[in-house]
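Lettered A, B and C in written order, each chain numbered from 1.
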């Protein structure tokens, strides 16, 4: 009897303790694990250029404005803004936004950040987006005024770039730069970073948007093999994976355990000409090649069809892009191409080199298909396949005849087109100088009425296709593969992970 | 126990190795004038097709619709040539260095072997990657890169062999008879180092193929569209989830040829090594 | 003996010096630079920004001057900062050293575990047929391209995530069981090749020893075959095998590069590979110097063991 009652008491005690333990134990954390194939190089938003770094910065920092999933400029840190004339912008900041170190964000921080970007000593890639800013005035605690030297229609779009994030001055000064530390206001904060392995972010409990983010933790894992990324999502080790390889995406689409999101991005695949290298200094030769390459076929092989043919403005930027069908050379015309070549003095064709690299950006697959297709007009292409570092070197030194490139386009035409095709543009590696193109680029940049700008850019797209400093091929899709437990995520064409802020995970 | 069964064993290993190598050489010869399909041109209607007798693609097609069997056959030429050329380079330069270092001794020995040491202190693949990065990824440079990796090994072997005989009575006698250095080298020393050299050469041939395919796999060797077994495997890496044959067959091609050279080298070592001659 | 050791250690200095010069100058011969890769094809920079960038990336002075500066700093223990990440080089490399060492050690252990028994077995075989089969299998291990084996392993085990690191490498100090489990396959991929080499040397050593007089004497004394083998032959055969394993450390260190890449392990080999891809000169210089040093030291130790074991080798010239 006594033994039994002792047992009973013990059992009761254990149950009570167990229950108390259950209450005391923290509720299960909502953790999202993201698989990426490249490690971030550093996380200072004003310094880094690599896409891999940008993905972390998406979650650690905010900018004045941001792009939504339709490439429309919407408020971020700035609640609203006025543009009294085309060289003055006034931003009204949200109140009560806190940096991760607890301090409130004010107009001084915006001034500091923009000045840091403009400072030559920072050598910031974001500088060119805002280079026309002459001064930044702090009007009051939550109001900032930007003064420009000349009109810049793409300023707002430029300010959405991660390179223009707003940072905390004291964190920069304490650490020299922000490559390894977190000086932001974003929905998540940096907890731990093990290079080439994983990066852990935790929820910013005082994020300015009430309720968001819904996740407690985000973990980035670096897994170079595409097949392993897919396997990770299938097994549940990963919730989300950025997969770029067409074959793997195709495999994923057939699998009912995972969800594939795929959307044409802002990146653009182009076949570049060095317009000073014979025979490509003759526009007819360039046009002949433009008339021969079959975008759909190249897309089919190089990306397994996952993308969309495009003109000079990324096809996903629907507000500005002229449909490909309305642009010249929309479909191949071999006979006309041959005639053009003969007119230019090459009736029997000629031979030349295509510089490319085995990396994804280097477009080796595209080069191989192009080589094959150009045989139809008697043109012999020899592939110069080089290692990525050498590829960049040749690009910088303009040491090529033709090249396969992957360019980052923009939703706003000025940001991409000006620097790329203006005769003194910073990334105009085609050495392309055309007065008419320059004229329309300047117009598009300075005009303020939307209809006028649209007309200028429509004309520009036709001009660029005809003068062909490059052949505009296609925009590959941005892809994310995720498990069924993920909800609330939206894919943005520029690869941004911003919508992780509204993502939930159900286990 | 049985001497005869032993030499039978040894011989069969060498013979198997030779047989395998012979098959590859035959394939290489055939591929110069006939291949089932064009190894380089794309066939966009037949991408990533599984092997089948019906289509004629016995090993299937790759991500560009190219016939894998034809590419493997064509690749045999590239692999064999690179392997032989690189080993030749390493042997000639390395042996030259080692023989002079061993024979001349003193300062020459020091300098030459220091150079060999510096080269030797890099792991083979890392050194090859380094050289390729500097010279650029042309097929010819792969020969140079692998050749450089081999120099120290051949230098050491030939130097060691020279040293063990240098002070023997035989040589001293010849010298005191007034024989010139050149004569001594040719008549007495060289035949002596031939044995370890031959074994090392056949083993180097096998390693060269592995090095070349590793370099091509990393994108630093033979560049596409020219088919090398290594770069075929590199391209297969992404598609092997849906098309495993793109990864299996080129790999088997590598394994068998390397095995052939290894069998040859191992068998030769068995036959030629005096210490093992009288075993059981 | 000690004079020999001292002489060898002294001779290391010019070798490492030579390595440092080669690395520093030749690495700058590779076309492309970290600065160019940082800029890529998307970034515009003004001339003033370029001046600043060149200073940051260490391209503002002639190469010999940079070399002397670098050498001076190295001798004080300062290995500089990575051009890509801006982080100090030495701590990053050192943090990866344990993994590379663990991988090397595990590969060696597996190779010995597989190679020695196989070598012993094949040395005992009476039957020429099975002898051939055994030898061929052994050599097969040597003929498999590591990256192929690794890729196939990743493919086969993709669904068993506990066996493949997949960006989730856990240190031994944190969780030994999981750590060993995820390093098993990579070590196997490296070890199989080395096992073949060890098998061959074990076999040869065993064959040599087995026929010696004192073994015959022991047999005559009536000891069982197993005791004979285990006690006498093995003792003498093991040492050369260990030295062979030492000589092949280079193979292990080099082979790790591809394996680390395919299995996504954050080791030194992968750091070296990426540093070369990205022209991250300070990292390349530091890693190559470190690997070369380890390599050379291990070779020295192995040479010494080899010389101690085999009296036929004369120390002044020998064993090299």
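What to note about this one:
To be clear about the criterion, contacts are C-beta pairs under 8 Å (C-beta built on N, C-alpha and C of every residue); 3 or more make two chains touch, one makes a residue touch a chain.
Note that this is a predicted model, so its numbers are computed, not measured.
Comparing each chain's Cα centroid with the centroid of every protein Cα atom identifies chain C as the most central.
In this structure, the chain pairs A-B and A-C differ in their number of contacting C-beta pairs, and the larger number is found at A-C. Between the Cα centres of chain B and chain C there is a gap of 21 Å. Centre-to-centre, using mean CA coordinates, chain A is 45 Å away from chain B. As a whole-number value, the distance joining the C-alpha centres of chain A and chain C reads 39 Å.
Residue positions 225, 227, 387, 389-390 of chain A each touch two or more of the other chains.
Counting partner chains per residue, chain B shows two or more touched chains at residues 133, 136, 237, 240-241.
Among all residues of chain C, those that touch two or more other chains are 30-31, 155, 261. Put simply, chain B touches chain A in their complex at residues 41-42, 44, 47-48, 63-64, 133, 136-137, 219-220, 223-225, 234, 237-243.
Taken in their complex, chain A has these residues touching chain C: 35, 41-42, 49, 120-125, 127-128, 131, 177, 179-180, 194-198, 221-225, 227-228, 231-232, 234-235, 237, 387-396, 405, 407-408, 419, 425-427, 429. Residues of chain C touching chain A in their complex: 30-33, 36-46, 48-53, 56, 84-87, 92, 154-155, 158-159, 161, 164, 166-169, 261-262, 264, 266, 270-271, 277-279.
Of all residues in chain A, only 225-227, 230, 245, 247-248, 250-251, 297, 300-301, 358, 364-365, 368-369, 371-372, 383, 385-387, 389-390 touch chain B in the complex they form.
On the side of chain B, the complex with chain C involves touching residues 1, 5-6, 8-9, 12-13, 16, 113-115, 117-118, 120-126, 129-130, 133-134, 136, 156, 159-160, 163, 206, 210, 213-214, 217-218, 230, 233, 237, 240-241, 244, 247, 251, 254-256, 258-259, 262-263, 266, 275-276, 278-280.
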